[in-house]
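Each chain gets a letter, A, B and C, in the order it is written, and its residues are counted from 1.
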Amino acid sequence: MCLAIPGQIVGLVPGTDLADADVSGVKRKVNVGLLDDERLAPGDWILIHVGFALSKIDEQEARATLELLETLGPAFTDDLNALREEE
Amino acid sequence: MRFVDEFRDSGLGRELAAEIARLADPRRHYRFMEVCGGHTHTIYKHGIEDFLPPNITLVHGPGCPVCVIPMGRVDDAIHIASEPGVILTCFGDMMRVPGGRGSFLDAKAAGADIRMVYSPADALAIARREPARRVVFMAIGFETTAPSTALTLRAAARAGIRNFSVFCNHVTIVPAIKAILDSPGLRLDGFLGPGHVSTVIGCRPYRFIVDAFHRPVVVSGFEPLDILQSIYMLLKQLSEGRCEVENQYTRVVPWDGNPRAIEAIRETMKLRPFFEWRGLGFISESALELAEAYAAFDAERIFRLPGVRVADPKACQCGEVLKGVLKPWECKVFGTACTPETPIGTCMVSSEGACAAYYNFGRFTRERVREAVR
Amino acid sequence: MSDLERTVLERIERARRRKPALADERVTMAHGAGGKATHTLVSALFLEAFRNPLLERMEDQAVFAVNGSRLAITTDSFVVSPLFFPGGSIGDLAVNGSVNDLSVAGARPLYLTAGFILEEGFPTADLRRIVQAMSAAAGAAGVSIAAGDTKVVERGKADGCFINTAAVGVIERDVCLGAASIRPGDAVLVSGPIGDHGVTIMLARGELDLDSALVSDTAPLCGLVDCLLDAAPVRAMRDPTRGGVATVLNEMAAAAGVAIAVDEAAVPVRAEVRGACEILGIDPLYAACEGRLVAVVPGKAAEAALGAMRGHPLGAGAAIIGEVRGDPPGLVLLKTQFGGTRIADMLVGDPLPRIC
């Protein structure tokens, strides 16, 4: 139930619910009808499941998640401790 | 691949693993269930259990919509495929699922026109191209996939396509989780919530796990870092005495889900009063059938189905594996009578079934494999 | 690991070592996929009936001596659909497939036979295209098509055109290649990005409605093999056709009773192949190649082998992807991209796209 992959919109097909999406150079028409409220544009990233877009990928949230992960590591904690020792 | 590779960074993985080991209380043994079969697949495919300390066990849940399809329903589908002029379309996952008298692959060998499709939209396209044939789409999947079936039904109705119908086997996730939680003797400390189902239904539906059963839930993405971060978040909740529904998969899952998707499901489908889940028995209001307004597209009305309830083979313990009560190797027939080549139950057939995942991916102990690869 | 788990794992190992028995009443598509089902069919049915020392080696070709010369023979049948696809046609596969099965044994391919099974109604213009492709491929491989056969079957009994080729070659080098000689410490190399052909075909069938610039990698490997054998001692080579690299590695590990440890991050895969595989839920390690080879060489010779392959146009993307270990025997182990470990087992049947 879960296999969904991020893809980038390269074009919208006017008059339809379809978009041309690209996943690493592989292209497919994807139905974006579930994302009507999102005002999609070429360049946007969407989550594709069985040829339908389930969600628009929030690039800021993606970045935030990664940044959070980067701060979790011991390296970060070590840096922090080193900083504290200096103070 | 963007939004994929960054979440497979092995350096970050090692750091997260260290944090998890640090946070886990060495006096406790944690049991976390990943509900979703896709999570099970990722865990094994990337070898994520290597990143966990020995006092964290991942228990595989029933979120494998292929695994829970009773054998009788497979037989019904084969019956439909054997009707004159029918093209039965389905996802690849279904091809090897054993029914009472063989799988789709076997039926195909015996002459049925059964075709694999990637999308329900492609099944509808076949119907358009072959007006003389009756095209039936076997719809499976949780709420992740139901909206796609729903939109396809709408498109079929709008275009007046008369030779297309859906054999609906969509199931819903919450009753499956409830069945787990009601299982006696199953001790779980927290849940990794199904990330893609949640893009549709949002995170609120899991509140009952927190409110009634007092277990923390973290809705998790499907890349290795997502799963590790979700485990970290569960540990953090437990260590801080919190019990909440949290969303780790914020880049994709909106807290309120996708209203359009829910609306599409509501328009085209309705809840069945009850439905049989392989291994879990009959569960009320746990599956979908086509709504009255879409009766013309309902394969169950168009074709008279045998509807015979086929009992699981006595040896099959899929139910307990699905509920996380048994680990795959604890099933009496695991690896002997039941193998990927000769599967008895769906847990072995489905690529995300716990048994197949363990047999194919995790067969040797992590230590032994890690030693050999070092 | 608990005692119970250990017991079960041992039970599985015993079951795996048992002679395979064919339980299926009918042939299914799984039997043609190159994985476990195919192996069971071959071992339990064909090998049982035809048993002889040459066949028992279960290599891609048979090597034997006649009057002091070592010859190699092989056969391959081609039933691909669609017949024409980006990068080639069934004609290219028919020549290159058999030629490559000889090349990986260190044989210089000499002659091919070509048997055609044509469906009533098949356009002769298409047949001409296929045959012209075969002629060009034979020229590129340095072989002649010396004998042939043609049959026509009624409409519906063949998918347009089926081709069988058999090839004979001579082993002039003093080499004795075969999976049985693989030993711990050996290095495993692949000659270029994997899965191009398998994914191209999957997309070319049109049912999945996926488009890409991918082309089949079909090519004759004789020149590449010559470069490699000139530069380094080689234990064994295989061309990873249906079933992909993972299947070939499993076959070799089983034949030699060794473990093969693969570094997933070192395996070259084109971006589009990855993309298509991620969409469909397929592992590129199981997707077919038609112009690649997997070579096992002594560890010390790995760099020389790599350099030799990279110096040839068909080996520009070559890489060292793993090494041979002693234990656990018969298994292919993967260090995943993420850093975890798993087993890359033999597939049962065709890799099927999944939604879950």
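Criterion: a residue touches a chain if its C-beta (ideal position, glycine included) is under 8 Å from a C-beta of that chain, and two chains touch if they have at least 3 such contacts.
All values derive from a computational prediction rather than experimental measurement.
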If you count the contact pairs for each chain pair, which pair has the most? B-C
Taking the mean of each chain's Cα atoms, which chain ends up nearest the overall Cα mean? B
Subunit A and subunit C, separation of their C-alpha mean positions in angstrom: 36
Subunit B-subunit C separation of Cα centroids, rounded to whole Å: 33
So, in whole Å, the Cα centroid of subunit A is separated from that of subunit B by 22
Among subunit B residues, those touching two or more other chains are 1, 4, 37-38, 41, 64-65, 91, 118-119, 122, 141, 145, 352
Residue ranges of subunit A touching at least 2 other chains are 1-3, 5, 23-24, 49-51
What are the residues of subunit C that contact at least two other chains? 208-210, 271, 274-275, 278-279, 281, 354-356
In the complex, subunit B residues that touch subunit A: 1-4, 6-7, 12, 15-16, 18-19, 36-39, 41, 63-65, 91, 118-122, 141-142, 144-145, 147-148, 151, 194-197, 199-200, 222, 225, 229, 232, 248, 250-254, 258, 260-261, 264, 352
Subunit B partner contacts - residues on subunit A that touch it in the complex: 1-6, 8, 17, 23-24, 31, 33-37, 45, 47, 49-52, 54-55, 57-59, 61-62, 64-66, 68-70, 72-75
Can you check the complex and tell me which residues of subunit C touch subunit B? 1, 4-5, 8-9, 11-12, 15, 23, 26-30, 36-37, 40, 207-210, 259, 261, 271, 274-275, 278-281, 283, 325, 327-328, 331, 333-343, 345, 348-349, 352-356
Could you pull out which subunit C residues touch subunit A in their complex? 203, 208-213, 271-272, 274-276, 278-279, 281, 354-356
Give the list of subunit A residues in touch with subunit C in this complex. 1-3, 5, 23-29, 48-51
